[in-house]
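Next, two complexes with chain A in common: one pairs it with chain B, the other with chain C.
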Partner chain A sequence: MNVIWAIASVVLKEMIRRKDFYVLFVITALITLVMGSVNIFNDKSIAGYLKELCLLLIWICSLVIAISTTARQLYAEKENRTIFPLLAKPVSRAQLLLGKFLGCWIASGLALLLFYVFLAVIAGSREHHWPIGSYFTAFVLHWGALAVVVALALLGSIIFAAPSSNMTICFIVAMGIIWIEPHLNTVAVATKGVLGSLMYAIYFIVPRVDWAFSIRELLVFDNPLPGFAVSGGALLFYAGYTALVLTAAWLLFRRRALHT
Partner chain B sequence: MRPQLTLVLLLVACFTVATSVDPKLHVAAGSDDSSALTRFMGQGRKLFANHFFIRSDVYFHSGYYPSMFDQVAKAENHLAESAAAQKGHEPAAAEEDDHDHKHGSNCNHDEKEHDFLGKPKDFMDAFSRHFIVSQYTHLPEKGTNAAREILPWLKLAAQFDPNKIESYTVGAFWLRDLGRKAEAEAFLREGLRKNPHSYELMLELGRCYFDRNDFEHARNIWRLAMQRWREQENAKPFDKQNRFVVEQILNSLARVEARLGNREQAVEWLKVVRKVSPYPEEIDKRIEEVRAGQLLDSH
Partner chain C sequence: MHMQPILKIENLRVEYRSKEVGQGTKVALKDLNLSVFPGETFGFLGPNGAGKTTTMNVLLGFVNATSGDAYLFGQNVREPIARQRIGYLPELTYYYKFLTAEELLRFYARIFNIPKNEREKRIDTVLKLVELDHARTRQIKTYSKGMQQRVGLAQALINDPDLLIFDEPTSGLDPIGRMKVREIIQRLKNEGKTVFFSSHELGEVETICDRVGILYQGELKREGRVTDIVSEFNCDLEQAFLRIIGYTPGGATASTPLLHSQAA
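This part shows the complex of A and B:
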């Protein structure tokens, strides 16, 4: 566990040194504050549109941070040739993968926490109430969904030849899941036939990142968020899916030649 | 030739062609709207305006709203139902109303529309419904001021497409409903500056005047609205005319004349309403009320 944590802490330090997060946070804050300064019929307590915009930006930024941080990890180790002394420590390939995963996931979580604190402050300053429990549930589910995204990006960095292609494909897959997955069963039922059955199969196979994404609407419209059991079920699903993807990544990585 | 030089040449060529073509296109389009949004987005801004207008409706329904996938599935089901009904010579399911109403207290969606989600298709679908808005509520039910959340989207829709009259009329309706009469009037004036011939905006503006007991101004603007309606709608075939709005203009004119004590004039307007109204017996009752000295405020 110490080895895994050591690798993860290196990834964390790397994210603190890089400027990606700071740039994305400043852009999100700037856009939200500019939109917040717009005069909507002299009413300063309208918050729905601001929460919606801010949550959308948080989702985009979190996906960019998670995917871009994860996708370049193994490539960078290979390109700098630091992977050889690292594996000679001795560090197993499974530990390397787990360390990279943990580092990227925690780094994404820390960035996400700051984004959610910003959201809570902005929304609270307008609405004058602080549903901390709702924000916490949304944050935890969002972070859980990011675990699946990070694991997929790690798997992609073993399959695809370059970080750019991995990032692009991971981003398209994540956006596709978020946008199409909740409706795939409706489309499958309407399509019928072999194609419909195929769509239904995909509907059950694909990870439900959209659950965490949909929470946005519940927050925007001040609806009650899912309870402990439902949120726990979703987190269990994310954990299981992450474990599955990481296992697949390890199976591919353990016999992969490391020369670039 | 160097690729950089080719790119620069292409850019210069594009710029030259654009400076030559753009003014001609502008004249051909017959538009005098030269706002930054129009220059930047062209007619594409109307798509965004429609999206923002629909977004206001989503907010009105507190997020419980069919996605485009649900709408396609619903349309397919509807077609199948109609086909089955025709085959069996049975009446098809009741046609649903268009969704372009103002969602006032008399909002009347039918049960089928409320239940666009239907029963869960599978266990995954059932579980997913914990994460989405799956109950039908209207935003105003959440509190007296909750409807204000609709307003930014209507303002945005009006900014993106100043010729989309509904953005102004629906926005003004909600502003008046929230007691923000000055803002409603200013918003309608802004719309009227951009659409000076719109009788719908004149009707709404007249309501603002009426609400603040400025009956003379209300009468003037409703008369102007009636004139504009005649200019724009009389030439159209009977079934294409906007009779819903003209009935409201005429009723408003009757109401304001009754308020000003001109009972005979009020009765005259109501007689015109009687010709276009699908409920003439209801109008007869109103005529009797005016003759008896009542003010028609409940209509």
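This part shows the complex of A and C:
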């Protein structure tokens, strides 16, 4: 475990010392701040719409951070050749993958926490109530969904030849799941034959990142968020899916030749 | 008493699938057998493409052998634990440049599970040994090439290894940098460490090494004590090396003019 933590800590250090995260955070913070201070026709419900937009922005930014941080990890290790002195030590490839995953997931979580705290402060100052528990549940589910995205990006970095293609494909897949997945069931029911079965298969195979995304609407309209059992079930699903994707990544990576 | 080898290679064969269509496989190593014993400094020699780096890649677990086996301290190199007591310095040193030397060494020390109190002492010792104590809090990206090579040496020594594997440690360094690295290797040798290194600097090999192995086109052409090889050929190691690999001075290129006259 010490080895995994050590690798994860280097990923975190790298993120802290890079500038792209700060740029994304400043942009999100500025947009949230501007939206939070907007007052259109003294309409009180405007705060809900602004919250919706800000949450959407947070989702996009969190996906960008999670995917871009993860997708370049193994490429950078190979391109900068830092993987060689690392694997020349008693480090297994499974430990390397787990360390990278953990580092990227924690880094994405820290960025996400900052975004949620910022949003809660801006929305709270506008609405004059502080549903901390709801924000916390939304944050935890969001972070759980990001674990799947991070694992997928790590798997992609073993399959695809370039980080840019991995990033693009991962982003399209994640956005596709968020926007299309909730409607796929309805379409599958309406479609007959092989295509319908195929759609059903896709519906059950793809990770349900859209569950965490749909929490956004409950938060916007101040509806009660799912309880411990439902949230726990969703988190277990995300954990299981993440483990599955990481296992696939390890199976592909464990015997791959690395030439100095 | 019969001494057990620290590094043992048995019938090692590595084949690569050629990237070009219809080219089949390329044999990088042909049934290599090699043993390195405790306290030895072993020079692994050969021209470019001979298979030296491939051998090191197998020893370090980067590449899997097609057949045969390799062992470090009696452990198969496929097991990460086999690398617990080794230090490796790659030919080109690339480390996490956003880290300082101190942070990099702390990271590698954590990998080796060195206890916290001992970790800091070890970092101090190796940084002093490679003369980088003054620059320990500077990010590696600000270091010169020679300094980066010395950070490489420091990371290779952080676990106080019994076997050091160096892949052309002085390549690309200026004479002062080369001399410093050489002095460190000599010091390690005097401390009784086992050193396995590849180099093109045959003068350096002749001075430092006890034994050498000469690899050519994936085959081990010669293995033996430096003094024996030098006395057998009655010349320096460089000349002996050229004769062993069958190089004829000027042979292939003797009839080809170096410059084609444009005047005509």
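Simple rule for what comes next: the second predicted complex is superposed on the first by the 253 of 260 C-alpha atoms of A that agree within 3 Å, B and C clash if a C-alpha of one lies under 4 Å from a C-alpha of the other, contacts with A are read in each partner's own complex, and residues count from 1 in each chain.
The working rule: a contact is a pair of C-beta atoms (placed from the backbone, for glycine too) under 8 Å apart; a residue touches a chain by one contact, two chains touch by 3 or more.
Small disclaimer: the values here were computed from a predicted structure and weren't measured.
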item: Fit-or-clash call for chain B and chain C when the two complexes are aligned on chain A; value: fit
item: Contacts of A:E14 with chain B and chain C, given as first, second, both or neither; value: second
item: Chain A: partner with more touched residues, chain B or chain C; value: B
item: Computed vertex angle (chain A) for partners chain B and chain C, CA, steps of 10°; value: 150
item: Chain B versus chain C as contact partner of A:L218, first or second or both or neither; value: first
item: Closest Cα approach, chain C to chain B, once both complexes are overlaid on chain A (Å); value: 31
item: Residue ranges of chain A touching chain B (in the complex, touch as defined); value: 38, 40-43, 45-49, 182-183, 185-187, 189-190, 203-204, 208, 210-212, 214-215, 217-218, 220-223, 226, 230, 233-234
item: Complex contacts: residues of chain B adjacent to chain A; value: 59, 62-63, 67, 69-70, 72-73, 76, 121-122, 124-125, 127-128, 130-133, 135, 139, 142, 145, 148-149, 151-153, 155, 175, 180, 183, 187
item: Residue numbers on chain C that touch chain A, as the complex places them; value: 53, 56-57, 60-64, 80-84, 86, 88, 90-99, 103, 107-108, 110-113, 152, 155-156, 159, 165, 167
item: Chain C-facing residues of chain A, complex; value: 2-3, 5-6, 9-10, 13-14, 17-18, 80-82, 84-92, 95, 255, 257-260
